[in-house]
Structures are given as C-alpha cells and as structure tokens.
Amino acid sequence: MLRSLCLLVMAALVGAALQPSAAEAQSFTRAVRIVVPYAPGGSSDILARLIAPKLQEAIGQAVVVENKPGGSGNIGADAVAKAAKDGHTLLLLDVGTLALAPSLFADLTFDPQKDLAPVGMIMFAPYVLAVAPQLPVKSVAELVAYAKANPGKVAVANSGIGGMNHVTPIRIGKALGIEWKNVPYRGGAAATRAVVSGESQVIFNGVSGSLQFVKNGQLVGLAVSGPARLASVPDLPTFDEAKLPAGDSGTWQGLMVTAGSPPELIAKLDAELRKILANPDIAQKIADLGGTVKADGPAAFKAWLAENVKTLGEVVRENGIKGE
Amino acid sequence: MDLFSNLALGLATAVEPINLLYCLIGVVIGTAIGVLPGIGPIPTVALLLPFTFGLDATSAFIMLAGIFYGAQYGGSTTAILVNVPGETSSVVTCLDGHKMAQQGRAGPALAIAAISSFYAGTIATVVICLLSLPLSALALKFTAVEYFSLLVLGLLAAVVLAHGSVMKALAMVLLGLLLGLIGIDVSSGAARMTFGVAELGDGIDFVPVAMGLFGLGEIMANLERPPVRQVVSQKVRDLIPSWADLKASFPAMTRGTLIGCILGVLPGGGAALPPFTAYAVEKKLSKNKAMFGHGAIEGVAAPEAANNAGAQTSFIPLLTLGIPANALMALMIGALMMHGIQPGPQIMTEQPQLVWGVIASMWVGNLMLLVINLPLVGIWVSMLKIPYRLMFPAIALLCCIGTYGIANSVFNIWLMLGCALVGYFFIKVGAEPAPLLLGLVLGPQLEENFRRAMLLSDGDLLVFLQRPISAVLLVVAAMLILVLLSPTVFRKRKEALAE
Amino acid sequence: MTGRRIDLQDLLFGLFLVGVAAFTTVATWSLRVGTAANMGPGYMPRAIAALVCAFGLFFVGRGLVSPFKSIAPPQPRAVIFILAAVAAFAVLVTTAGLMIASVVTIVIAGFASREMRVVETVLFGSAMAVGAVLVFVQALKLPVPIWPW
C-alpha cells in the first residue's frame, strides 16, 4: 500500500518533469484551469479531459480540469464569472442549460452574457425522439395523433426540471397542441431506463444515451433533431422532415472564459481550440459521444447565446417553469 | 456448455500478463483511495479515464473495475481502524468493526473483512455468469412503485442498526429524511430549505455529514472519556481470526453475499442498501443479538460480503442492458463509449472477450486483494500504536481534506463542522447516527419514487398493493414494524406490572 | 437523587426534535403542499416534520416521567479546539494553501487533548502536511493551492 502510494507519487513527479517548457508562449504565465460545473463522467467532463492535454501542449502551461458540480452547473459557472479577469480560468459546459439559467433562476448570481465571454462552441449532439415499444405508434405523425387523442396520458421522461429535454417537449406540445404528462427523473440514464421498462413512454435524449436501445428494439426511434439525418440511423427523419418544431434541440457544449479577459488571450484560445477540434482523432472521440464538432468562434457563439437566452426564456416564462 | 466455454474465454483473457498487470494496478489504486477518506472511486476513475485511451478496451475496463471494487475494499480499513466511513457502504462496517478494534481485535476484524470480500467476490462472479440475464430482467421490472416499497422496507430495517432504543432510531431515520429533502426538488424544481445557498441546491453531500457525525463527533466524545490505552497486540495469534470467528462468520458471509447479489443489480439502490440490509438480517437471525454494536464479528462479515457482492453484480445491468446501476457505472459507460464500444444487450455477443474477461478478472482481482491485504493487516494494526494525541489531529485533518475533495467545496467543510457539533449532541443524548445516514441517502429517492408513482397512476394509492412485487415488499415491511415494536410494548407492560 | 423524575437524555433529544420540526415548518411554509395525489414540494417536509414533532413530544413526555438520568457534563475544551481546527482549515485551505492549512489544523486540533506536546505536534503536523500534499495534490490531483503564492 505504501509502496503503491510511492509509485503514484513518482508517476506524478515524472509526469510533471515531462511537461513542455514555457518558452514558446509568454501569454499564459501560469497553470490554466478548465472548470467543469458537473460531476466527473458526463460529456462536458470527457470533452474537457480530451482537450486539456492538447491545450497544454499548445500553450506551454499546465492545463488542469476541475469539477465543480452543483446547482445545475451554476456554482461552477459563477466561480468562473467571478475569477480573475486574466484568461486563465476557463469554463466548459452545456451552454443550452446556461442559456436557460437566467429565466429559470430568479436569483442567479451572475449574468451568462455579461460576466462570461465565449471562446468557442465545441460540439452539438442531436436528440433522438424515441418511444417505448408498448406504445402503439411507429412514426411521428402517429405519436402526435395518439398524444392528442389521449391528453395528459402520455408520459414524457425528462432528465430534470428546467433542462433542455424538459423544455423541448413543452415547446413541441405548445406548437402542436399536445398535453404531455412531464415526468422528471434524476439524470438521463434514469429517464432512459424508465422508458425502456415502459414506466414512461416518450423520451428526447442524446444519441449516445438512446441509440443502442433503438438499434436493438428496446426503444422505437421516431426522429432526430439537428440539421441532417444521422449516418448511424439513416431511416429516422429529422424533426424538420417529420414536421416537428424545435429542430435545433440537443446538447450544445462550449468553452467560455471570465469576461474582461485580455482579448489576445481569448483569440489565442479560440485559435488553439479550432486547431484541436480539427484533429481527426478528437473528431472521432466527439462522434463517439454522439455529437458533431461545432467549431464556431466567439462571435457566432455570442450570437447563439443571445438568441437562445431570448427564445428559451420565452418558453420558460410562458409555461411557468421555475427553478427558484 | 456455454457457461464453461464463456468462463474459459474469460479466464484466458484475464490471466494474460498485460491484463493481470492492469488488474493489479486497478486494485492497488482502488485500495489506496478506499483507505483515504473522501477521495472516492468516481473522481479517481474520471481522472484515469484519459490515460486509458491508449490501452486495449479490455485492459482499460479491467483496471477501472479493479479501482471500483478495490475501493469498496479499502474503505472498510479506515472504518474499522478510525471509525471514519469514507463511503456510504462503510457506515455499517464502522458499527461493529471499530468496536472490535477498540477491544484490541482490529486484526481479526480486518482479516474477516478481507476474507468476506473475497468469498463474496467468488460467489458473485459465479452468479454473474449464471444469472446475468434473469437478474437484468428483474431490474427492468422495478418501476417507481416497486422502488418506493423497497425503500420503505430498507428504511425500517435501518432501525435495527442502532442497539439502543427503537424509538430513537426511528426518530433518527426521520431526521435523516428531513436532511435529505434539502435541495432543489427534482419533481417541481422548487428550492427547499436551501436558504439561498447555491451549494445546497443539489442536496447535502453524504460525506461531510458522515465524517462530522462519525469521525469528528467520536473524537470529541473520546477526548472527554478518561484516556483508555489502546489495546494493541502484535502477536500473530491476535492478528488472525480464530476458528470460532470463522465459524461464526461463515453463515453471515453467505447470507450477506446473497443479499448483495440481488440488491446490487437494482439500479438506484446503489451502495447503501446491501450492507445495511445484510446487517439487519444478521442481527435478527443471530442468537446473541446483544453482541451487535459491541463488536460482533458477524456484524463485520455480513455487510462486507454484501457490499462486495453488490459492487460486482451492479455490473450486470451495465453489461447486459447498457443501463448503469449507479453513478460510477454511468462513468463506465462513458469509458466504453470512448473506446468506441456501445454498451447494450448486444455487447455480450459482439464483445464476449471484453465481457467475460472483465467478469473473470473480478475474481482474479479479488484474489489479489486478499493476497495483498492479509499481510497488510499487521501494518494497519500497528498504526493503532500511534498515540491518540497524534492520531486524532491526523484524523481531523483527513476528514477536512476528504470533505473538501468531494466537490472542491469549502462549504462542505463548514457543513461538516456543523454536523460534528450535532453529532456530539447525539452522543450526549444517546442517539446513534447510523439510521440518520441511511435516511439521508435514501430519503430523496423515497420521495421521488413516491411522487413519480402517484403522478403516473393519477394519484391512485392502491397501485402499491396491486403490483405483486411491491405488495410483497410492503407486507414484509408491515411485519417488520410489528416485530420491532412488540418488545417495546411488552417491556412497557412488564415495567407497568413491576410498578 | 432517586426522587427526581427527569431523564435528561430523553428530554433534550425530544426538545431538539420539536425544534427541528418547528424550524422545518417555518422554512418550508411558502412551498405549495398540494394533495396526496398531486403533491407539491411542501408536502413531504410538512408530513415528516409533523412526525418528527410527534416523536419529539413523545420523548419530552417520556423524559419527564422517567427516573432521573443525567448526561455526562460536556467538557468544552475538546469541542472548541476540534471545531476551531476544522474552521481554520476551511478558512486557510484556498487562501494559504494546503501546506499551511494542514499544519495549523493539526496543531489547533492537538490542543483538544491535555496530553498535547507542542514540539512533537508541530513536527508531526509538518510531516502530515508534506504527506498530504504529495498524496492529494501531486498524486491524486486535488485542485487546491499548495502555498499562498
């Protein structure tokens, strides 16, 4: 046991000694933190741990991933918003949740648009709309008809109040006049399990969470969100093709930094992030996570955030969803 | 037969030198983080995940699994030696394990913990091979209704954990349930009793409460008592369990293993239910109930076996259904996907070498743990020779670092401080904290599943009796409460007659 | 003593429970209670608080009629120094770094015992601090500063 600890320590010291020297980039003067505002193991965490070593090579400073979970990601985001404005504290998170936060939480302690500055979007992971096999529907049209015929009976599992996949069915219901029974679960895995076991009937969830069940028949896939059909399930129509609204639903992951950080550093981070995302190995890992690379720079990200804070905020307010 | 060819394939994979090496690395790291309070397997696995990208998927998975069950194993060492439960599962081990250590029987306690874990690991490996498919079907039968009934039964069983008054234990469960309500309500999104503290939004972390109530509360109470010299004997005879110990432990291990195998499969029950349930069952079945809570060796053997068996069978839903049974298994799914493997029912046929290799490696890893840990027992016990005046500040420091490390949160340290004060009060008034911890862990699930069941059944309470599994669980719970309360009632009558 | 009929343990625990129940009820007053079929977020806190209160009253009652049973008088020294040590760690860990926080915590905690020897505890604390930094920061990558600078 003691020996194993010694080994661990030695490995750590060797690792530290092998870090590249800080000769090439004077701009970053000390270790850079990537704050992930969720527990380890989620998509954001995996992305951060993929990107960190590459970023470390590029900027010549240690890059460490720090999980700061809690409060729907708001605790970690708040910590970055209030960090020193020197570009050394980064935030990698699900920016869809971030866009929802101002309208959900009345007492939010930071403003996502004013206190955080976008560096770049990283990934978009579309949703698969899937239903339990016991439900007598095989297409989006049949689901819509069935749900309209049984108002308040069809249970949609979501992975938590105020999350993107809670808001998505509400947006769709609003547009098509469907009254769902929204059933909250603790996390996407629990929600998926509930639909596979038939406890709830409908789920909007990421490809990585749902696809395997669709492929082996434990769930019936009906449609996918996003701009195009997926290579892995080519017969599923897109939301647009199936005449479903909210086709932009899904998980968006982005990298941000404390607002007021030096623009040169943000530009440097943006450039390095694009290089990292252009690496085919990283693209493959992102595809494994069920997403596609979305290397949008600060400007496009800023616009995306502004628009989503507005449109999602309207949905939240109109339906009286509250995070309190 | 399929089973044997599968096992043969698995064993052949597991004993490949490279896999043996990664299995060893996994269990050693696991033991180390298990012994250190606060640093759990989840952050460790997350930390090591990127390093596994370069490895073969089977080797990577063997190592990550080793960390998981190695940590379950190491956690009991800290629980027995210094009464600090680093994880939910070691709370039960604290009860009798630490009492044994105080009586100078730390050696047998540690050895029995190791032997029980190995025994349970061996049986669980066979169970996984034989029963994966039927057990995963059972896991899918559990909906919100069945969960609610199971949790009710589990909470009532928690009362058995205390060796004092049944009424006080029930009150402590309720206090735990109240603590568990703190945070953002999953069913409505409303914040409850968070007082504007963002850190409370996700509820109270288990670790600061456990370390405050057990670790620090115990230190403060110890310091008040007249100093007792720790009985530490280095004689080999006192390090190994006696024949009587083994004879007493064996049936307890077997029952614990069975309980662990079944409960481990159910998603959501997580690490908490198997050891608690096993302890409760032993206490009910034992001929010398009075010993429980005062250093009964069955009270170490049964929960340790249940814990380890549950840890292993919690891989079943992951491997057969692609559904994670707990947060760590969710992380494992992430690990599989990073290696380009989609978990799910097809994984058994598409990746037999991975599945059976990992299963067989669990048995190999358990053997390694036994071989590594039995010789270590002497070293651990000799740690008790450190004078208490140095020992307790070190425990206090480890509690602080561990609590901070859970979520890198200073708030958790303040929370632990508050719990230490309350824990001290509980010791003063003779109320035991273990039932409170189970209430805290299971409370949120109890409420969630109840409300979900009500929502789905449109408020029909009868649903709990209409579904057979749920009805059986509730009947058992009702019987349990009658058995629990009857001695109190009878004693009252006796007392009344005496006066 | 035989004539007195108060069990202090039961009485204090009972009062504590009643206090917790009252506090919970006040703190969750504004939450919607709903009905059993469609429960609001305030339903469970209210229901459990009522049960806790009932238990509390039971213990208060039992405490008042039971034979006298005192509780061991609290000794403030242990409580104060242990809590102070934890508080010091909470304040210092992110500002002064793990090294200093560890030494300070061990030394303050040491004062909780009358057997404490200053030099020995400082040396032991320093050794623990180095060990903690090596294990938690270097090997396990706990994101916490080592030094204040």
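Think of it as A, B and C in the order they're written, each chain with its own count starting at 1.
Rule of thumb we're sticking to: a contact is a pair of C-beta atoms (placed from the backbone, for glycine too) under 8 Å apart; a residue touches a chain by one contact, two chains touch by 3 or more.
These figures come from a predicted structure and were not determined experimentally.
Of all the chains, the one whose CA centre sits at the greatest distance from that of chain B is A.
The most central chain, judged by the distance from its Cα centroid to the centroid of all protein Cα atoms shown, is B. When C-beta pairs in contact are tallied for each pair of chains, B-C comes out on top. Distance between chain A and chain C, defined via averaged C-alpha coordinates, is recorded as 37 Å. Averaged C-alpha coordinates put the centre of chain A at 31 Å from the centre of chain B.
Separating the centre of chain B from that of chain C, both taken as means of CA atoms, is a distance of 22 Å. In chain A, the residues that reach two or more other chains under the touch definition are 5, 8, 66.
Looking at chain C, residues 135, 140-141, 143 sit in touch with two or more other chains. In chain B, the residues touching two or more other chains are 47, 187-188, 190, 408, 455. Of all residues in chain B, only 33, 36, 39, 44, 47, 167-168, 170-171, 174-175, 177-178, 181, 185, 187-188, 190, 192-193, 195, 216, 219-220, 223-224, 227, 387-390, 392-394, 396-397, 399-401, 404-405, 408, 410, 413-414, 416-417, 420-421, 424-425, 428-431, 447, 451, 454-455, 458-461 touch chain C in the complex they form. If you check the complex, the residues on chain C that touch chain A are 134-135, 138-141, 143. Residues 5, 8-9, 11-13, 16, 33, 64, 66 of chain A are the ones touching chain C in the complex. Taken together, the chain A residues at the contact with chain B in this complex read 1-2, 4-5, 8, 39-42, 45-46, 49-50, 52-53, 66-72, 74-75, 78, 104, 107, 109, 155, 160-162, 181, 183-187, 189-190, 192-194, 196-200, 208, 211-213, 215-216, 218, 285, 288-289, 321-324. Across the complex, chain B meets chain A through its residues 28-29, 31-32, 35, 42-43, 45-47, 49-50, 140-144, 184, 186-191, 196, 198-199, 201-202, 267-268, 321-324, 327, 330-331, 333-334, 337-338, 340, 342-346, 372, 376, 379, 407-409, 448, 452, 455-456.
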